[in-house]
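Structures follow.
What follows is chain A paired twice: with chain B in the first complex and chain C in the second.
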Partner chain A sequence: MFAYVVRRIGVSLVQLLGLAFLAFLLIHFVPGNPVATMLGPRASAHEIRMVSNSLGLNKPLIEQFWLFISHLVTGRLGQSFTFSQSIASLIGQRLVPSVALITYGTVIAILIGVPLAVVAALRADDPVDHGIRIFTTVSFAMPTFWSGLVLAIVFALKLHWLPISGYGAGFWGIIRSLTLPAVALAFSLLAVIVRTLRSSIRHVLSLEYVEAGRARGFSTSRIMTHHVLRNAIMPTVTVLAVNVGFLIGGTVVIEQVFQIPGLGSLLFQAVNQRDYPLVETLAVMAGAVVVFLNLATDLIQALVDPRVRPGAKNV
Partner chain B sequence: MLAKYALTVSASGGEMVLFNQLEGEEVVSRMNYSKERGVLRRMGLGGAGIAMLASVVTLGALPTMSASAANGVNSSSACKSTPVKGGNLVYARQTGPSTLDPFYPTNGNGDIFADTLLYQGLVMPDPKGATQNVVPAVASSWTMSPDGLTYVFHIRPGIKFSNGQPVTAADVVYSLDTFANPKVDETAVLSGGFKSAVAVNSSTVKMTLSEPTPGLLYNMSIFDAFIVPQNLVVKEGKAFWNNPVGTGPFKLSKWVRGSSISFVRNPYYWEPGLPYLNSVTYQYASNDNTRLLDLQNGQAQIADGIPYSQVQTVQSSSNLTLQSAKVPYWVGMWMNFKDKPLADLDVRKAMEYAINRPLINTSVFKGLGTIPNSVLPQLKYDAPNSVVAPYTYDLKKAKQYMAESGYPKGFSVTFQYPSGFTEYTNLVLILQAEWAAIGINVKLISEDQATMTSLYMKGQYDLTFPYAEFTSDVTVPDEYAAFVTTYGGGGYSFYSWWNDPTIAKMVTTFTHTPSEASRAIQWPKIQAAMQDQTPFINIMDLPFLNAHQNNVCGTYLDPLGADSLQYTWIAK
Partner chain C sequence: MSDTTLRASSPLRRFVPRRLHNWELSAGLFVVGLLVTVAVLAPYLAPYPPNQINILAALQSPSWHHWMGTDFVGRDVFSRVLYGLRIDMLVVAVITYLGLIIGVVIGTVAGYIGGWVDAVVGRIADTVIAFPFIVLVLAVVAIVGPGLKGVAIGIIIAGWALYSRVARSEMLALREQPFMMATKALGYSHLRAIFRHALPNLVRTSLVYSTVDVVVNMLVLAGMSYLGLGQQAPGADLGSIVASGQGYLLSAWWITTIPGVVLMLFGIGVSLIGDGITRGDLVQATP
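Here is the complex of A and B:
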């Protein structure tokens, strides 16, 4: 087991290094010069060269990459090109809104998704089930920028229940301003929850111990809450955990539509301005979350289920 | 150089089917697969999505014209009464500041429009936008020696920074030295001609020039030469810009980076009784739809950067006024003179005559554009159409020029245009069709702004728009006339590789003539010569489009499109 853990962590570190390398290469090879973008039309070639040198952009790529990696490892992330702030403080300011949005969106998705999955599984293949499946497919297919705008028009512009955009102050202010974007984000996650949970509930429902429970006269709701859900929810939790990566992509768009000062909108601005160190750091951060969650999932599974461990021969 | 953004990533699809086919244990592994694709897919939708956004919201578009106001005068009846003091204005803006250091802006107008509320220079562009002149600000008056080499500025008696500290000659000298120092002033290129500034006494500053450069005064009217308190900037260093003071009508109250910035009235502001507003909040919404929704919902009272696709929505809203301000903003198209066909004057003339500008104006710009008679934007000293004529649409003439050119059978070119702007997409499609009619085969390439600019500066283009939102920093032609005619020093005439020593010489004379009367005579000749050579094609002069609630009055923009909001008030 110990060897497995060490190897698994090793693999994650290699993944992170690869990710850092890719993030670095991609942003450097996209055409577009950060200094020219920053200085605008009036900058002369001489000025651009001067500012480029002061930012260290004249150094060989390999040296710039080494600098970036050493920044990551030491945790001193350096200075953003365009925000005249350190990357660490920028990320610090933008972290909470994004984390709050992703958490809120996930909670909403679970609150809506779990009951829907239960109903769909219990009424499998009848019109209710079809209705739920169509609804989740449609909600998955809707681009978040579009569903976000529709929600804003209905609940903010017409009904005046919630603000159209921005990020409120205080706990309730934040909840109010994040409700519409969180719902839009939850829409993209619903299908994942409902589909996985529905199939695993159906699978568990067909097992003998459920039959035995029924034979003893337990009510459907008792069987569902006490016996089925507990066994059926594990695959959904796993899928949900790894889908956080998916949500990070979603926030780039949704934060832009709702003007939430989070990491997604920061990344968007950083890419447009070709703020190399900021883009690289944000990309590695988002990737690190996914790598870490995958690692955690694998390790927990190995801990809980000996069959997953490599070397286990008695499968 | 307003920032508008779009990514170009293509969306992949076809994953939905997956779910219907899944059962049991297999789900987990297949879901992992769909998750990995999913991230890309969502990003893709985001990129394509933001490009599409402009056309999403069209709320009950009934084409009834509401009053348009020139550079800001709201003609609605509510604004006819006497201005009242008080009120808090929320302004939905496209982009916000990255820094409040006016000497080193890193986010273009996002920085500049916040700076304009906080600081002022010795002089400023006419804040009501009625003229293209500079008017007194921190200096209440000034004199220029007849040779144009010495300026004496008299600091406004009693003027104070927003912390109550008086403005001294030492502050002015320090600020001007900063303006001319390329190490700390990003736009020090605009200080050309500046030699030195000295304090004559505590309220008088003498500025000496190395050669007559009348454009310098205009360059000093904008952000790059704002007056700041020497003692505080020296003492606090970079920290000063987090809590700065200036002589502008407002002072900083709260800055939520990436979200909003709030200002309150500067109690020491020098214009008596101004500003009217208690506070101003710039709330940032880069998404066009979000800004308009904020405005319609009353979450904001004024919004900038109204896209043409939403002009009708604003005009049909009974509580909103569309404001169209004349600014030096143009759809400037560059032709690469390293391409032989484009260096052929007959070809360029043929291209000009083949453009149906009235059609473009109505179909793309809702009739709000102005057909240009200059290859540069609308600037001071420009002659009217009666003196320098615009190119008119004449296909017969265009074909004739083409036949007489070195390329009578036509040729092929690429045309780079910025992604994410509905207007540009519509525009280039029309141009492509119009130039096809004279045998020019145009291949369209959509690029994001940073890529386009970078390819342009390397000369890797045939036809391109260097900047999607292309404006002049100042009202006088000196800046751009020099940029576009300076071939040497790595400038390549603003990366067009056009080289015309005759016009370049005319420009050099113009930019070094101190006499205002003589400049006014010289410029139309340069304008006419450039219009004749047409080294660039000005497709259209465009206004800045803002929209505000009907009861927001006095929303003047200066001739460069910046608002300092000291005359703005909210009617009951």
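Here is the complex of A and C:
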């Protein structure tokens, strides 16, 4: 187990280094002078030189990469030019709305998705199952920005139940303002949850111990909650961790639709204004979150289920 | 397509499941076929030029003259949707299958060679996959600049890696198969062994997966255009038409909602095709 944990952490570290390197290369791929592009046509040669120096662009590439990594690790992320404040404080301000939005969206997707998957698995291949499959196919095909706008038309503009955009104050204010975007995000996630969970539930349902439970006279709901779901949930957790990257991407669009001041809209602004250092930092952060979550789910899985540890005998 | 039209030796045989009779595939092919036909015939079907401004006819609701209404400068939404669908489907088809070809070739070659080449390719693919898809596309757009070109390059750069991973793991399994060893014994060149004998056997999985990828890429492309980073004005694509209606959600709902419905129909159709193919596989696997 220990050897597995060490190796798995090692893999993640290599991945993080790769992420950082790829993001670091970004500014060097910009055609022409990236600083001139960033500062716009009215920047003087002197200004361009000053910014190039402060970014360390005149140093050798290896040294630049080393500086980039050490700044990332120590949190000295430097200054954002377009927002004229430090990148660290900028990210600090924008972090909470995005984390709240992603969490809220995931919770909604689970609350809708798990019951749908259970019903679909229990009634496999009958009209109910087909209906659920059509529903998830539709929800998967909907663009999040579009479902967000349609929700806004119905629940904000027509019914006036929820605010049309912005980010409220206080717990309930935040919940109210994030409900529509979270539902839109949840739609995009539903299909993956329902399909993964449905097929793993069906697999577990076919196992002998479930038959044994039935023979003992346990009710279907008891078998489902006590025996099946516990064994069927892990693949779904893994899939959810993989899809956090998808959700992070989704926030870029949905935060723009609802004017939520989160990291997604910050990344969009950074790209639009060609603030390369900010884009680099945000890209590494987003990738790191995915790497960490994948690491965590793999380790948790190895902890609770000895069968997935490499070297374990196949049961 | 009936069985008798396919000879046993036909290469198509390998890709087309024996029993295609399921409603998912038929429905999917019908929807996508319809959309493709409409998009191809856009210049003949569109009642107005897509960018023709007519201020006097601005924000008209759907009618006989304008099936899908008009936008804020009086452009015909139906014509714009037709042309938008045309450009979006073209771009998505090109980028998805270019990504597939690049990924499958890289993955197959890496798996065939093995050793450090395989390790390096594997790590690069892992890194690319770890980046959230849209974030990577945005980073590329930041370099290349806004426009369909930047988005297309970004999606290809982000998209090849999964195909590479899939093809590589299949290649590892194929390497141990007797017929691949036979290519060595017969003295075939590596290129011949890879492209004539290995690739046809492993491309299937990637082709099935590509039906999911087409939907995802379409949504990403539309999202980028919605953000104003894809198709640039005045050109129309489905995402940018949705965005152009955002200021008129109550007074002119049709500008925002209709292009989204078209996007959704496309996604549903392609997903159904994917489901149908997968189901065909299962039928074939259990005779």
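We take it that the second predicted complex is superposed on the first by the 263 of 315 C-alpha atoms of A that agree within 3 Å, B and C clash if a C-alpha of one lies under 4 Å from a C-alpha of the other, contacts with A are read in each partner's own complex, and residues count from 1 in each chain.
FYI, contacts are C-beta pairs under 8 Å (C-beta built on N, C-alpha and C of every residue); 3 or more make two chains touch, one makes a residue touch a chain.
All values derive from a computational prediction rather than experimental measurement.
Participant: Touching A:231, do we find chain B (first), chain C (second), both, or neither?
Facilitator: Neither: A:231 stays clear of chain B and chain C.
Participant: Is A:301 contacted by the first partner chain B, the second partner chain C, both or neither?
Facilitator: neither
Participant: Is A:249 contacted by the first partner chain B, the second partner chain C, both or neither?
Facilitator: Both partners, chain B and chain C.
Participant: In the superposed arrangement, does A:43 touch chain B (first), chain C (second), both or neither?
Facilitator: So A:43 only meets chain B here.
Participant: Touching A:103, do we find chain B (first), chain C (second), both, or neither?
Facilitator: neither
Participant: Given the touch rule stated above, what does A:291 touch, chain B (first), chain C (second), both, or neither?
Facilitator: Touch partner of A:291: chain C, not chain B.
Participant: Between chain B and chain C, whom does A:52 touch in the aligned arrangement: first, second, both, or neither?
Facilitator: Neither partner.
Participant: Applying the document's definition of touch, where does A:79 land relative to chain B and chain C: first, second, both, or neither?
Facilitator: Neither chain B nor chain C is touched by A:79.
Participant: Looking only at contacts as defined up top, I'd like to know whether chain B or chain C touches more of chain A.
Facilitator: B
Participant: Under the contact rule defined above, give the chain A residues that sit at the interface with chain B and also at the interface with chain C.
Facilitator: 30-31, 133, 137, 140-141, 143-146, 149, 152-153, 157, 245-246, 248-250, 252-253, 256, 268, 271-272, 274.
Participant: Which chain B residues qualify as touching chain A in the complex?
Facilitator: Contacts found on chain B: 1, 3, 5, 7, 16, 19-20, 22-25, 27-28, 31-32, 35, 38-40, 42-43, 45-46, 49-50, 53, 56-57, 59, 98-99, 101, 104, 106-108, 182, 186-187, 189-190, 238, 241, 256-260, 283-287, 289-290, 293-294, 296-297, 299, 447-451, 453-455, 457, 466-467, 470, 473, 479, 483, 489-491, 494.
Participant: Chain C touches which residues of chain A in the complex?
Facilitator: Residue list for chain A touching chain C: 14-15, 18-19, 21-23, 26, 29-31, 133, 137-138, 140-147, 149-150, 152-153, 157, 245-246, 248-250, 252-253, 256, 267-268, 270-272, 274, 276, 279, 282-283, 286-287, 290-291, 294.
Participant: Quick check: in the complex, which residue numbers of chain C touch chain A?
Facilitator: Against chain A, the touching part of chain C is residues 123-124, 126-128, 130-136, 138-139, 141-143, 215, 219-220, 222-223, 226-229, 239, 242, 246, 249-250, 253, 256-257, 259-260, 263-268, 271-272, 275.
Participant: Mind listing the chain A positions that touch chain B in their complex?
Facilitator: Per the stated touch rule, the residues are 30-34, 36-47, 50-51, 81-85, 90, 93-94, 133, 137, 140-141, 143-146, 149, 152-153, 156-157, 160, 163-167, 188, 191-192, 195-196, 199-200, 202-203, 235, 238-239, 242-243, 245-246, 248-250, 252-253, 256-261, 265-266, 268-269, 271-274.
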